[in-house]
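Okay, so chain A shows up in both of these, paired with chain B first and chain C after.
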Partner chain A sequence: MELTRRDLLTWGGGATAGLLLTPLPWKVLDDTSKWTQNWPWIPQPSRAPIEVKRSFCTLCPNGCDLRVRVASGTPVGVSPGPQSALCPLAFGAHQLNWHPGRLRQVSHLGKAASWNDALAAFRKAAVEGPIAVVDAYPRRAGSSVMENFARRQGGTYCIILSAEERSLAPYAAWSGAPVTSLGYDFEHARTILSFGAPLLDGWGAPGRVPRLWSTGALKLIQVEPSLSRTANAAWRWIQVPSGSEAALAAGLARVLLEEHISPARAPLPPTTVAEAAAQTGIAEETIRELARTLAAHGPAVAIAADGDPAVAVLNFAVGSIGARGGIVRRREGGPSYLTADNLNGHFRAVLIDATVPWDFAPQADAEVFRFAAWNGGGSRAHWLLPAPGFLEELTDVPTAPGSAVDTYAIAANLSTPPADVRSPAGFLAQVDSALPSVEDIIHARCRELFRTHTGALQGEETVPVSRFAAPERLEEALRTGSVWVAGPPRSGGLRCRFEQWPQPTAPRATADWTATWVPPVLPPLAVKLYRESSLREPPAGRSI
Partner chain B sequence: MSARYGMVIDLDRCTGCGACMVACAAENNVPALPPKATDRTGITPMLVHKVSNGQEGAEFREAFIPVTCMQCEHETPCVAVCPQQAVQVDPATGIVMQMPQRCLGCRYCMTACPYHARYFNWWDPAWPPGMEKTLNPGVSVRMRGVVEKCNGCHARLHAAQEKAAAAGNREIDPRDYRPACAEACATGAIQFGNLADESDPVSQAAHSTNAFRLLERLGTEPKIFYTSDRPWVRQLAEPHPARGDKEVKHG
Partner chain C sequence: MTRISLTFGLGLATALAAGWFAFPYALYVRRAEPLDFRHKAHAEKSGVSQCTDCHALRDDGSFAGIPQADVCAPCHNESMGKRNWLVNFRQPANVWFSHAIHMRRAKLDCATCHGPYGESAQPVAYQQDRISGYSRQVMDMNTCEKCHRERKVEVGCLGCHK
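Presenting the complex of A and B:
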């Protein structure tokens, strides 16, 4: 039999067609697709079992309740607690400790240095002159160590107020109470009149106003020149020209007081309703109707986002100062702190805690020792000192700014910090060995809570403090995620007085959570919000 | 009894914070992509869109629409076109499951999906050194060249099923299974539940008068419902020639 070219082609064609009818090519294709998805350089997740631990977010002073999933000693996921909510950034916070901007080495003027160099320089500065210590989350155990150091050294301890505390500053000035002891009783308010405060976009704890608003029980009226996210979602948006907020507040107060529709008694503002209408561009009748709404849907409270006294004074007319659903003074008094804005005088050095916003620059001509977990670039500090990152150190969580009730919690450290990292409290303990440790202060605070026998611990169940047999048991419950909550604020515990109707201050730009975010870097997954969607504009000056 | 898991998203309660997007990415080991990634090439199984009513001045208003896989129940387009059987509707849950291991990357499913809820991995999954330790052990990472989408946080479903099995139950406790986006929503705008259970509040909300689905006329029976009291928001669910929307026709 002769084999021709035609026979070869026929055989080849038949073989190809036959092969396609077998599973072989499809199996090869399938196996190839699987094989090429398992290259050795592709990261593989840990196979360790997941354990859920309770802790608290320490990235901002709100201290939100967390459920942290931990595998092989590393946090692998963050969820909110049952009664809590988290900001978008917290959901990616467990990855922050491996951010490329993580500080892992002491540096002096941009060059690598050692802790011994930093200690020697700081000891020398402490001998030569007073030292200022700047902190953004006061009342933590670590803050007490810094405060103690400043006092013993003859220096100054000062704080940076949060946005909520800045809005409460006028009431502190009128009452003499420390601003850190004041709060908003939103939980009992029915109406909030916000002058530019981004209540639904990062102002305060994410689980507070947004949750109250979403139930529909809270009427939110937003006064703002442009449509912010809060104004967009508010029950009512009052558009006013920038800088005319104080005139609107005065007009509303005038109506409330003249028409006696509010039980409050206060001096009449010099601005008439007609003048307020002319300045704001809002009809006179609209201002009157808005004032009546405030009175009819009480308790109501007004918020001046930038702490403008001329806006804050409206709460006198509304009758919300020291009242249920208004501005209250918490049971536990807090000390008065000097704010960093008022840091004057000559200092040999300034020590800046890791909680202080990255762009803070002291006005003093001093050697700056800056603790930070992440390097945002462009720092003017002489010394950059690597600090523990997210959930890398044991810390306590005092009352959130603006809260109506006192709380206390302990955030357990769930992650091991890099080797060359120290907290400011540990650093200062090496300078002054007489300082108490963070652990000692937490023990003492737990003993104090046990001694007072007030409030209750909220965890899986609510247990009154009086039911605990020993302070160690109380501390153990706190360390495993329970929160101590004091009783409700004292009725009439805040009395304010002012001499004359305040003049408006210059308006400041409204901030949202991207502007008040403390770490100099954002969690890598936050890029989903900026680069990979059109949801938000990238925050200026932040590394994403 | 088979479940039909779905969502009801109240657009009047969505503030556009984006927590659902970040929580979804963290839960499902979605990497942060290189700076050249855009809103077209990025991987966002949950993507919040910003829309407006087209008015000006004081009448201008915005709404935020979280869009994820619509978990189509009927003639699921992506299932029909996949040559690799990498997509299938789980008969026990109603969730449209994507199996990246089978995916060849032909992207027919992306073309077929009317909701643009599928994403192609243009880059190798990569994390900064050490950050791979933070990956969710319940979810494998996906390789460059495959398509992915929302799987209803299947790792959480598996964990709930394992817990139920360990307790000797066939059915999971509904409290044990909630996708990351619903859990992350601070205002409770995203509600997750069993649409087949008439007593489930989510099933009841899906039948409310203000409930609607995106591109409902296509007949794919999505299991993601939206609600809004605002008529202009509800109108966005369908292309509207009078509003100037263009309907794209293929072929």
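Presenting the complex of A and C:
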């Protein structure tokens, strides 16, 4: 029998059909995917007994409590502490140190350089002219080193406000108090009227509002043009056209003051309820009913996510400024910092801390020394200086922005940084040897906490500071995961001066609230969780 | 039967035989353990009745690994030396598996995951997948997920993966 081309094709067809009925193609596909996971250049977690250690997340200023699984000195997993919740980024944060975008080498104008080159250039710049230092998480021990350096050199230290602090900026302007000393007393509020703040989507500390919300005692009213995830989950969603939020705030204030249903006293806003209804498209009666709800379910507080004074001023009428459950000034307060937006003058060089958003653009003609742990690409910095990554340096965690009470924690370093990595504080100490070290500042802060004998340390159990026999014991407790928590804010500790109702402004695009802290790269696990979790929106501008 | 049907059937049969019999044989390389250890014989002669008599857990609940020579010493007079066992059920490095949770909290029997391994009369050959590099007997994710779903236990990435 002669074999023909048709026989071969028919045999091939039968073989193909047969193969699909066997495990072969599927097993090869499965095995190939596993093979790709074990390529030699892909970092593998250590095979060693797992230890669970406590620390705090330093990726954003909220400093969430972490349980870190560590194998052979390498973090291999992150989970929240008992009083905490984590964002998707923190869940995958242990992978960040292995990200291909990790900076491991000093570079100058895109070419490899050394720390000695960077030090020489920085010393020269410091001699030639003033230096500006930009920081996004102020009040840390490392921040204190940078602030000290700027002061000793006759330069300027400035900060970048977080989204939570930007929303508090109007009250700082009206009261004269530093914006970093203000906070929202959500824990004692019964109603929150949020103008666009993604409170259930992780705004601020990720678990703070969702935990209060889950108790059922809090009414959350979300005013937003579109049905965001927070609006969807809120007790009530008020849909308004973009740009008409200030009109709604004025309408609500008018009802509260006209009907004397709020204890607050303030002049009537120029906008009438009818005008507010016309601008927002909401019925007059709905605005009145909403105002009565605010008055009946107090303490209530309004949040202007973008810091629009025309919305924030509603809190005068609600009576929530300086009141329990409203906007409060913390006990310890805090210094007043210059913000990077108001940085004027000519600087020979700008030193940018690793906490500053990747896309921050300093003045054009200064020599820019930029610390970063990860490279987001397209940097306009002259010098890129590799900084410690996730949990690779000892740092302290001051009070989270927007918190009503002062807190202090120490984030233990659980991982060894690569050889050619330095922190800004370590770098500046080489320029000016008189600067204190981060360790020294942390010791001093612990001694000060011990001396004041106020507040308590919350850890496995709550222990008043007065029970500690020595500052070293207190510091040891802090280094192993306890958090110092001050007493509640002083009632009436914040007084704002009411001058006039702000004019409604043109609609302002609400800045992406994650932009001030999300690193330029995302770990693979966070990408997966951003896609699958319902907690936070993925950060804008990050490809996932 | 036409010639086309015969040829098609021949191709089908060849592929089925290759896929079901030749492929699994070719895929795995058989590697000898350092000793021809027979679980059944040891259980019968030593009177050991529980897996955990030899395969111990540490105080923190983690698996202590394959028993070393000191476990053999009470019965074997001659030195057994240190043996580099090939571990059939070793999970990939990116998996975090807690024996303590499965045995103490869920009260699962060893055989639930490992099968009747302890009753094996003959040494069990270690078969290594030529492509993935893993043991043939290592539990895959589908098995874990199926069991978790059946028992209504959470199936989340971070429960098992580092």
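The rule we apply is simple: the second predicted complex is superposed on the first by the 469 of 544 C-alpha atoms of A that agree within 3 Å, B and C clash if a C-alpha of one lies under 4 Å from a C-alpha of the other, contacts with A are read in each partner's own complex, and residues count from 1 in each chain.
Just so it is clear, contacts are C-beta pairs under 8 Å (C-beta built on N, C-alpha and C of every residue); 3 or more make two chains touch, one makes a residue touch a chain.
Given the structure is predicted, the values throughout are model-derived calculations rather than measurements.
By the touch criterion defined above, A:Asp7 reaches chain C but does not reach chain B.
Contact with neither chain B nor chain C is seen for A:Asn342 once the two complexes are overlaid on the shared chain. Once chain A of one complex is fitted onto chain A of the other, the partner contacts of A:Ser433 are absent, as it touches neither chain B nor chain C. When both complexes are overlaid on chain A, the residue A:Pro45 reaches chain B and chain C alike. Once the two complexes are overlaid on the shared chain, A:Ser79 sits against chain B and chain C alike. Looking at the shared chain after the overlay, A:Val28 reaches chain C, while chain B stays out of its contact range. By the touch criterion defined above, A:Leu525 lies against chain B and chain C together after alignment on the C-alpha atoms of chain A. With both structures placed on the common chain, the touch criterion links A:Gly18 to chain C but leaves chain B unconnected. Contacts of chain A with chain B, set against its contacts with chain C after fitting on chain A, overlap at residues 30, 34, 37-38, 44-47, 49-50, 69, 71, 76-77, 79, 91, 525, 528.
By the touch criterion given at the top, residues 3-4, 7-16, 18-20, 23-24, 27, 58, 60, 62, 92-94, 96, 129, 131-134, 157-158, 161-162 of chain C touch chain A in their complex.
By the touch rule above, chain A contacts chain C in their complex via residues 6-7, 10-19, 21-24, 27-28, 30-32, 34-35, 37-38, 44-47, 49-50, 69, 71, 76-77, 79, 91, 525, 528.
Residue ranges of chain B in contact with chain A, taken from their complex: 13, 15-19, 21-23, 25-27, 29-30, 32-33, 35, 37-39, 41-44, 47-50, 58, 60-62, 64, 84, 100-104, 124-143, 145-146, 180, 183-189. Listed in rising order, the residues of chain A touching chain B in the complex are 29-30, 33-34, 36-39, 41-50, 69, 71-72, 74-80, 85-89, 91-92, 94-95, 98-100, 200-201, 206-207, 210-211, 213-214, 227, 229-230, 232-233, 237, 239, 523-529, 531-536.
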